[in-house]
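Listed after this line are the structures, all set down as structure tokens.
Common to both upcoming complexes is chain A, partnered first by chain B, then by chain C.
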Partner chain A sequence: MSKKTINIPIGSQHIALLEPVRFKFECENEKIITVDSDVGFVHRGIERACTTKFKFDGIGYVVARVCGLCAITHSLSYTVAIEKLLGTEISVKAKYLRILLLELDRIHSHMLCLSHTCESAGFEAMFMRIMGDRELVMEIQELLTGNRIQFDYISIGGVNRDLSSEIAQKIRQNLYEVKQRALGYREEFTNNWSLSLKFKGIGALSLDDAYRFNAIGPLARASGLHVDVRNEINYLPFSEVGFVMQTHKAGDINARNLIRLDEIQNSIKMCENIVNGLPEGDIFTKPKGKPNGEALVRFEAPRGELMYYVKGNATAMLERVRIKTPTFSSIPAFSHIFVGEDYADVPAILASFDPCLSCTAK
Partner chain B sequence: MIQSLIKAFTNLFKKPQTIDYPLTPIAKDKEYRGLIEYGEESCIYCLKCEKACPPGAILFVKTENPSANEKNKKALEYNYNPYLCIYCGECVRACPKPEEALWQSNKKPSVATKEDKVNDNWFVLERLKKES
Partner chain C sequence: MRKIEVTLENVREEIQSFYEYNKWHFLTINGVALADNILEVQWIFSKYEAMDEVIIFFAHAKYADLIPSVADIIPSAIISQRELVDMFGVVVEGSEKGLYLDEDSLQAPLSGCRI
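Coming up: the complex of A and B.
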């Protein structure tokens, strides 16, 4: 007798989804057997616009608009690619300031993901609590860059604004506060029944599968895979400011939450080190020439590896800009995790991936 | 678990974190990135800001009533579209006389209404610029 299966779609618009993605699940009773995904609902043609509408020096501001949460990683990756082509050497101070904003961005992005995971477990109070605390980070980002979301802080040759002593003091205060509160979250995520019991053992990805499906970012690190682009690149001095790779073994939703909490602590430490030991110097070096040749740059966005390929032909217009985003690279791993899980757990698993479809479809 | 319960109860007696926005204004930092402002008397009409602007929100278009500024030899007029501007400040960094000719304030643009014809008026300027 053949087994009967039913197809249940989730998305492209669904109450449990944060962004437009469609998953088609083939279910046998409650268990998911196969998964099909579609991610192209918010395509805006940004790559094409970069090569036809804008000159190379303005594209940093265009690619920042690919994503609201990891805007800084996008503009930073593009800028580093262009600096490689132009041969511009930026000052040490600018490098540290770039890391500072990159890590602040990671803290607020991880906090957003954690709050959404709580919301998907029906723990609204925790969602409100984390979102309220996230304002502390948003506030210092606004003070540092002049804007809450679209920072426009990085330009080819350095950064746009310097760090004054008042802002540095405010950053120290707020980060201390966030650090204490994030320690409190750890207690909640490990001991609170609404969170830990609902998440332990759900949506697990084994180390072998993480390796086989090329998982990246917190998803891979939660399974014990030692992958972090910050450990592999030398454009910015991450190891000097106290970067330590965080890994966990379980690979389930709870492990992914704990990884994010650990990374928040590590990023806070990095930011504090930068603010306390910022060297003197210029923040901007004027770049010269037009980009010629090819450059490939990788950075660790809050969700995993972000890759930029830029090809120039010694004119103001670029020949090609290719963006490979972390969510896109993780789709095989996402699809694998769903297989064998209950359909009812899908929103929680999906929230724990922290998918960014705006990045993926661009 | 007990800690969480205590926190939830104490939260009941806390002030709300949100701001009653239109009634209570949100405090603005003096360094907030807002509208670009222009000082015509100091402008040397080098058009660097126009070239640097990523979205093209600054246009110098020929006018019949040019300003009395002697540097304005081509009879140009400065036009700025606050609704197209992304407030990145590239123009101010490109300007040879920042703070005098071009600077960034912390003001917000007013809400555009249909009567303002923001887009239509700007498209006319863009066409004029292309033709010149």
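Coming up: the complex of A and C.
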């Protein structure tokens, strides 16, 4: 006799979801046996707008609106692609300042994800604690760029603001605080049963499946896959400022939490190294000409690899801007992970993916 | 970035002989609308732990052509194929329409020819 199955949708609007996505789960009792996903609820036509509405020198500010959380990675990827096509060489100082903001963005984004994981475990106090501490990073970002999020800091040829000694001092102070508090989170995530035992073995992705489904970002590194774009590009000097790739082996929710905690510590170290050793020099080099030809640029956003493909024809209007976002490429891996899990664990697994549908649908 | 030209007829064969899942990371499938209603379809890969080693297989297609699927070789390619269908209005083997666009949306917004 065949077993009876039941279809349970979650989303597009649901209390356990932070973003508009719909998963349709076919369950046999509590076990998920198939998953269907719909990610297209907030498609905004940004790729088309980039080639029909805006000139190339303004698009860096348009693509920063693809995502509020990782705006810096979007504008940076696009800008580096244009700089490649124009042959613009930016100053070492501008490169360091770009990394500084990229890593600050990673810290606050990982803190947001960790807080949501706590919330999905019913640990509201920890959620509030991390969100409160995250303000220390948001404060630095506002001082450095003028905005808490969606900052227009990157421009073709460099960055828009220099780092004053007062702001540098504030960055040191706040990051020291965040570092101490993140060590406290590690204690909780390792020893508190709501956050460790409950999440061990849940939502696991094996190393082989991480390869097969082309997993990226913390999702892949938690399964032991050595993939981090910061290790595979030389547009910015990540190794000079102390980047060390973090990996774990278990591949479950707990491992994804620990990866993010380790990456917060490494990003803080990188930011401290930059602030303490920032070279002298200009922050802007005037670009010349119009982009011509093709360029493909990748950066490591907080959720994984972000790719921009840009094609120009020596006019102010581009022929193609292709944006491949981390969550978009992770959807097949997400769907695979759900199969065989209990339906009750869906909110926690989903939070551990740290999905960004604003990026995905762009 | 290295580009390798293939045809719609041999792209599956080429990718199958090239792709080792633990050596090459599949990035995505990209479409670029060219003149004369030609679409350049690109299958993009990067090498794990190598410095900026990106390979693009590309083929030129007409909008009415059937684009072969590589989802049996690379399972995660299915979502990129569905995006290509929506954005360019082409037919990719085994890839449903409707990932991003509803029936009343502007169809094939990135194609060179309006549908």
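Methods note: the second predicted complex is superposed on the first by the 362 of 362 C-alpha atoms of A that agree within 3 Å, B and C clash if a C-alpha of one lies under 4 Å from a C-alpha of the other, contacts with A are read in each partner's own complex, and residues count from 1 in each chain.
Quick note on the criterion: a residue touches a chain if its C-beta (ideal position, glycine included) is under 8 Å from a C-beta of that chain, and two chains touch if they have at least 3 such contacts.
The structure displayed is predicted, hence computed values, not measured ones.
Q: Thinking of the overlay built on chain A, is A:G132 touched by chain B (first), by chain C (second), by both, or by neither?
A: In the superposition, A:G132 touches chain B alone.
Q: Check the residue A:K249 against both partner chains and state whether it touches chain B (first), chain C (second), both, or neither.
A: Touch partners of A:K249: none, neither chain B nor chain C.
Q: Give one of first, second, both or neither to describe whether A:E305 is in contact with chain B, with chain C, with both, or with none.
A: second
Q: Which one hits more chain A residues, chain B or chain C?
A: C
Q: Just checking: does A:N160 make contact with chain B only, chain C only, both, or neither of them? Give me first, second, both or neither.
A: A:N160: touches chain B, not chain C.
Q: Does the superposition put A:E142 against chain B (first), chain C (second), both, or neither?
A: Once the two structures are laid over each other on A, A:E142 reaches chain B alone.
Q: Using the touch definition up top, name the residues of chain A that touch chain B in the complex.
A: Residue list for chain A touching chain B: 54, 57-58, 61-62, 125, 129, 132, 135, 142-143, 145-147, 150, 152, 155, 160-161, 184, 187-188, 191-193.
Q: Could you please specify the touching residues of chain B with respect to chain A in the complex?
A: 1, 3-4, 7-8, 11, 17, 29, 31-33, 52-55, 86-90, 93
Q: In the complex, go through chain C and note every residue touching chain A.
A: Residues 1, 21-22, 25-28, 30, 32-33, 42, 44, 46, 48-54, 56, 74-76, 78-80, 83, 86-87, 98-101, 105-106, 109-110.
Q: Please output the residues of chain A touching chain C within their complex, sorted ascending.
A: Touch list, chain A to chain C: 39-40, 43, 45, 47-48, 211-214, 216, 226-227, 231-234, 294-296, 298, 305, 307, 309, 311, 319-320, 322, 324, 328-329, 331-333, 361.
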